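A, B, C and D label the chains in the order they appear, each numbered from 1.
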Amino acid sequence: MPSQKIAIIGCGAIGKVHVDAWSHEPRAHIACLVDLLPEKAQALLPLCPGAAVETDYRRMLADPSITAVSVCLPNHLHCPVTLDALRAGKHVLCEKPIALNLAEALSMQAEAARAGKILNIGVVNRWHASVNLIKDMIAKGELGEVYHVSLSFRAFRSIPGLGGWFTDKKRSGGGVLIDWGVHFIDLALYALGLPEPRTVSGVTHARLAKKMEDYKYLNMWAGPPDYKGTSDVEEYVSAMIRTSGPSIALEGAWAQNLDKGAMHLDFLGDKAGLRMEYRGAFTVYGTRDGHLYELTPKLAPKNDYHAEISGFVDSFLSGKKDRAHIDEVLVSQRILDGVYRSAAEGREIDLRGK
Amino acid sequence: MPSQKIAIIGCGAIGKVHVDAWSHEPRAHIACLVDLLPEKAQALLPLCPGAAVETDYRRMLADPSITAVSVCLPNHLHCPVTLDALRAGKHVLCEKPIALNLAEALSMQAEAARAGKILNIGVVNRWHASVNLIKDMIAKGELGEVYHVSLSFRAFRSIPGLGGWFTDKKRSGGGVLIDWGVHFIDLALYALGLPEPRTVSGVTHARLAKKMEDYKYLNMWAGPPDYKGTSDVEEYVSAMIRTSGPSIALEGAWAQNLDKGAMHLDFLGDKAGLRMEYRGAFTVYGTRDGHLYELTPKLAPKNDYHAEISGFVDSFLSGKKDRAHIDEVLVSQRILDGVYRSAAEGREIDLRGK
Amino acid sequence: MPSQKIAIIGCGAIGKVHVDAWSHEPRAHIACLVDLLPEKAQALLPLCPGAAVETDYRRMLADPSITAVSVCLPNHLHCPVTLDALRAGKHVLCEKPIALNLAEALSMQAEAARAGKILNIGVVNRWHASVNLIKDMIAKGELGEVYHVSLSFRAFRSIPGLGGWFTDKKRSGGGVLIDWGVHFIDLALYALGLPEPRTVSGVTHARLAKKMEDYKYLNMWAGPPDYKGTSDVEEYVSAMIRTSGPSIALEGAWAQNLDKGAMHLDFLGDKAGLRMEYRGAFTVYGTRDGHLYELTPKLAPKNDYHAEISGFVDSFLSGKKDRAHIDEVLVSQRILDGVYRSAAEGREIDLRGK
Amino acid sequence: MPSQKIAIIGCGAIGKVHVDAWSHEPRAHIACLVDLLPEKAQALLPLCPGAAVETDYRRMLADPSITAVSVCLPNHLHCPVTLDALRAGKHVLCEKPIALNLAEALSMQAEAARAGKILNIGVVNRWHASVNLIKDMIAKGELGEVYHVSLSFRAFRSIPGLGGWFTDKKRSGGGVLIDWGVHFIDLALYALGLPEPRTVSGVTHARLAKKMEDYKYLNMWAGPPDYKGTSDVEEYVSAMIRTSGPSIALEGAWAQNLDKGAMHLDFLGDKAGLRMEYRGAFTVYGTRDGHLYELTPKLAPKNDYHAEISGFVDSFLSGKKDRAHIDEVLVSQRILDGVYRSAAEGREIDLRGK
């Protein structure tokens, strides 16, 4: 079988991660790097020698030899670019979150179905070794019935690129919830076997960077602040979700006046429970031979993006939807939408039948 | 002024704490120890030599020389005994929680008003040095606007007296929420200046001790398990509360399959924030001279029960209601009721106008 | 067999612990409580009703019906009182440390041998469940060869009874090393199977309470400060010990300007290692099925003093020396002496052949 | 003034760090990259466009237009290459450790003096913001007299490039002590104002990777293992050092069967003390207004290598020796030598007058 030709749309930080991951995939190679700023595409050429550089993704889409694309753009471009790519007959791996909101996500799902193409989402945690070991343990009943999940993604100072697209709601759809929370919610739902959400109640707060100059920080990922830009997204979120399975509580902060980093997920079952450090190890607390114990497997780290890419290739070559397909991931977007709506309306939202 | 004569009703663990605290109060002395089991009262006599021992509290109430009583009984007796004491013309210091539910609490409040007697609640944290320093800082604006509070009271294995009154809903009103949560909620509301609750959404879980024999533990406060007793209260609670001030999230566990003890309260303000370890110290995170810092005052521990008793004596001698008066504390009971109702109905409860 | 008659010499804090422990021993009962201050002895009578109270221990020793004694006195009295008791034909359980120094300890050992009586030392950690499980694991080779042990007993503010006997070298023999270090060193040596010490190099520091009024603290065990007393013992110690088995490093502080409590013992083996929290649980780090893991058994707490007493009774009834006999414990005193000598002379001490 | 021409000798990981740092220095530019493997030099060209690539450093030294060199080679090459460079009239910035041993270091110091050239050592921590703030505080007496320093550099699994030059004593001079310990020792001595060492007693252990295949790990910096190479250096060290100032205790592990990472330095003074996390923040513990407190300044991270390079340029342009000059750093090498000698001989070494 000839090597599949691939294009990357968006050559920023996450685009670079995709380029690196594709370079480890033996069944495909990157034929085209797309970015409005050609120097950003060119900077990645050493990782995929021979690729074309393109500033207009539509021109790339017109090339019938390209099989699939990675969409690595700011959130507000996920939907329009993915729709264009699907309509051009490409399989698409679109970064998380799916889109700015549920309506967009549904339109993407519908287009993928219509076009008969694979649309995967960059839910990279679904490829993490700890996560899949936890999913197996839950499925086998080793935790008993999981009745509550607690998600914590609270950082002291981590607002990304203040004043850039991350903090501009029109382009991002939101702040810490849609950027970090989506990972935690999606990971939990996946490990639990996708329970159905029932109610969501949430609050969001945008305080520390309302006046951008007031925000003191130690360093900033995704670039230095642009004080002429916009900062109108939440940097704090707290929510409670009832599902057909466990209840889920979450608290998240891109920034808070509390330097107690907490990035972890607790799964509480009636036989055993566990805490997983995000992207890290987990410890199980249970009973064995009549006494309580805790046990921490230590798994060697691996690159989950490689597995994400490999799974995507498996999927579009075989035509089989897998764990990262939009059909499997949409439920996370429904919860995000519910939290934002609840926070805006100051009341709980019932998600049943929606 | 002659020394005030006091009676203790209930000579268990918390009764002993009250006896000790009263023994440090110069304006009063314990004249009578009441317990259905006279040996429990007698065991405390070395702490208050000369006190009478009584098995029927009504007989003690009939003594007009007794000015005030401490009610240190299981929760279901708070209301009837307090009502009897108020009707007998006694000032009452009733242990927390106020009662099994809001209806009982309201009847106690009404009776206190009718009788013209002081009814204080054992909200001992309102007398804690850290709490009052935090309250002052918030009032002075040192944290800016406090927009979110997060309460964590999660233990690995701490169900008290399994099968006894603590785990029997008829006698306790509930589990970890009414026993521990009431302290955390009340402390937070007090420090915040008593904001009004608006909505409450909560879940409760009673899993680990549903079958009492399945519950493994390392030690047990409030006595060994009684496997013939009842265990029907929640050992886990999670809730989200909107108020006229900050949002409040809470998670609590008498027991969970997760040995990450977390007993603390986070107050997040837009100028500074802090974490207080329950009954312990707190650390402030803020900005000073242009750089971020954290600062931990280290206050010498003191006995808050002595201050609680002293405040109660101040109050009934002066006739002035203070921070521990039921009028100031009732709001905590309204939230407890809201969480339990929300958990039972599987939906958010609106507390406004109630 | 009739119940053995026992006497307690010294009714302070540790004396009370012994009284409680003896009260759980079915083969013996406390016949006499000795203290220079009779009110201290009387205060313990509720724990051993019917015991005689005596202010002169020699009068008690003259009673031939007394079989054995617990010596619970300040350190400088361990040696003379133990010698008197042995000469009076009593078995002796003497609290730790054995004595002020090695010379005294050797005289006690010699007298016990001459008198044909059991002389046990209060090495209570030798009866701790975690310690004995660790000792078994080491003996079975589950850690491989243990090549290094690191002992940490560092507290922020814990100088006991400043100005009392604890901080007066004439009466205590030293500070944190002889008071806390002896527990850590003895525990380690016991778990390791009593390797022979070879060299010792150590430093001691007496700084924070040199001027007693300069010492700020949050609370103080063993009583409030006596500013007219003496404070001339080390509150910090650091040492390195070579043995016939592993090397041992230790750092200890009764007080330091660093509030990072660290009370633990690390045993490093070439197959696995472990950290034990002092008087608590331990976690093993090793390899299993080809991957690294950590495992923490959670053992229910028990009262080690009961086991210490029971072992002492076993020993003097059977005439068999056990783990707590001075012959087994003397090596710890040799190390204490070596550290103090090394600190005084500013150079390493060779303990071989001594 | 024309831009100074610089050469980098050694283009591995640390060489890349130097190239990056030089690229931020306005008064100089990299004219030549030297590596035996030309592809390693070429890979760094994007960071210093226009530089020559050279495989033989002697050829580069022959170019009189080159003013100064960075020596970024394995430890056994520090001495011979630095001597050659000095003899060729270049100023030298040599990476740490100075050399394999003290004898080599002394020969380098002598040659620098003879040649009249600056020889700085890559003691990058001497340029760290926290370290210099600590040094200032100590100099001003804010800690009082610092009487003890405790250094901890213990990792679970961090042996670098097992089987490569790091673990081959002939090429590295040793393991964790010379690689990590040198940083901790040097940082402490610098902050303390360079006290004179008096005695050193130490032990080293090489256990976990004695048989390289037995060493399980999660990841490995400095490359994958080479099972055909040599592994004969210590992965554990413990030592105690007496100086003209404080005593210093240290424990270090490249690897240990204990997953309790501890990378920090404790400075204990009689007025205040502090713990600094290596390359991170520090917390001061002291007394203020009569109560104890702890305070953590939060300094923005900066790149200390830039300051190291800038200081080196200042030094060779002005001819003034600064904090990184070998004369200031040699004392660290004396201690390393002492620890290794003490470990080999199983006894304390007296360093006075040496």
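The rule is short, and it goes like this: a contact is a pair of C-beta atoms (placed from the backbone, for glycine too) under 8 Å apart; a residue touches a chain by one contact, two chains touch by 3 or more.
None of the values given here were measured: they were computed from a predicted structure.
*Asks:* Following contacts chain by chain, what is the lowest number of steps it takes to reach chain D starting at chain A?
*Replies:* Between chain A and chain D, the shortest chain-hopping route counts 1.
*Asks:* Can we say the copies chain A and chain B touch using the same residue numbers, with more than half in common, or are the two sides different?
*Replies:* same
*Asks:* So how far apart, in whole Å, are chain B and chain C when each is placed at the average of its C-alpha atoms?
*Replies:* Once rounded, the distance between the two centres reads 40 Å.
*Asks:* Can you compute the centre-to-centre distance for chain A and chain B, using the mean CA position of each chain? Integer Å is fine.
*Replies:* Chain centroid spacing, chain A to chain B, equals 42 Å.
*Asks:* Approximately how many whole Å separate the CA-defined centres of chain A and chain C?
*Replies:* 56
*Asks:* Check each residue of chain A and list the ones that touch at least two other chains.
*Replies:* 218, 259, 291-292, 294, 298-300
*Asks:* Sort out for me which residues of chain A touch chain D in the complex.
*Replies:* On the chain A side, the touching residues are 217-219, 259, 298-301.
*Asks:* In the complex formed with chain D, which residues of chain C make contact?
*Replies:* Residue positions touching the partner: 143, 145, 147-148, 150, 156-157, 198-199, 201-203, 205, 207-208, 210, 216, 218, 236, 238-240, 242, 247, 249, 251, 256-260, 266, 268-275, 285-287, 290-292, 294, 346-348, 350.
*Asks:* Hey, which residues of chain B end up touching chain D in the complex?
*Replies:* It is residues 291-300 of chain B that touch chain D.
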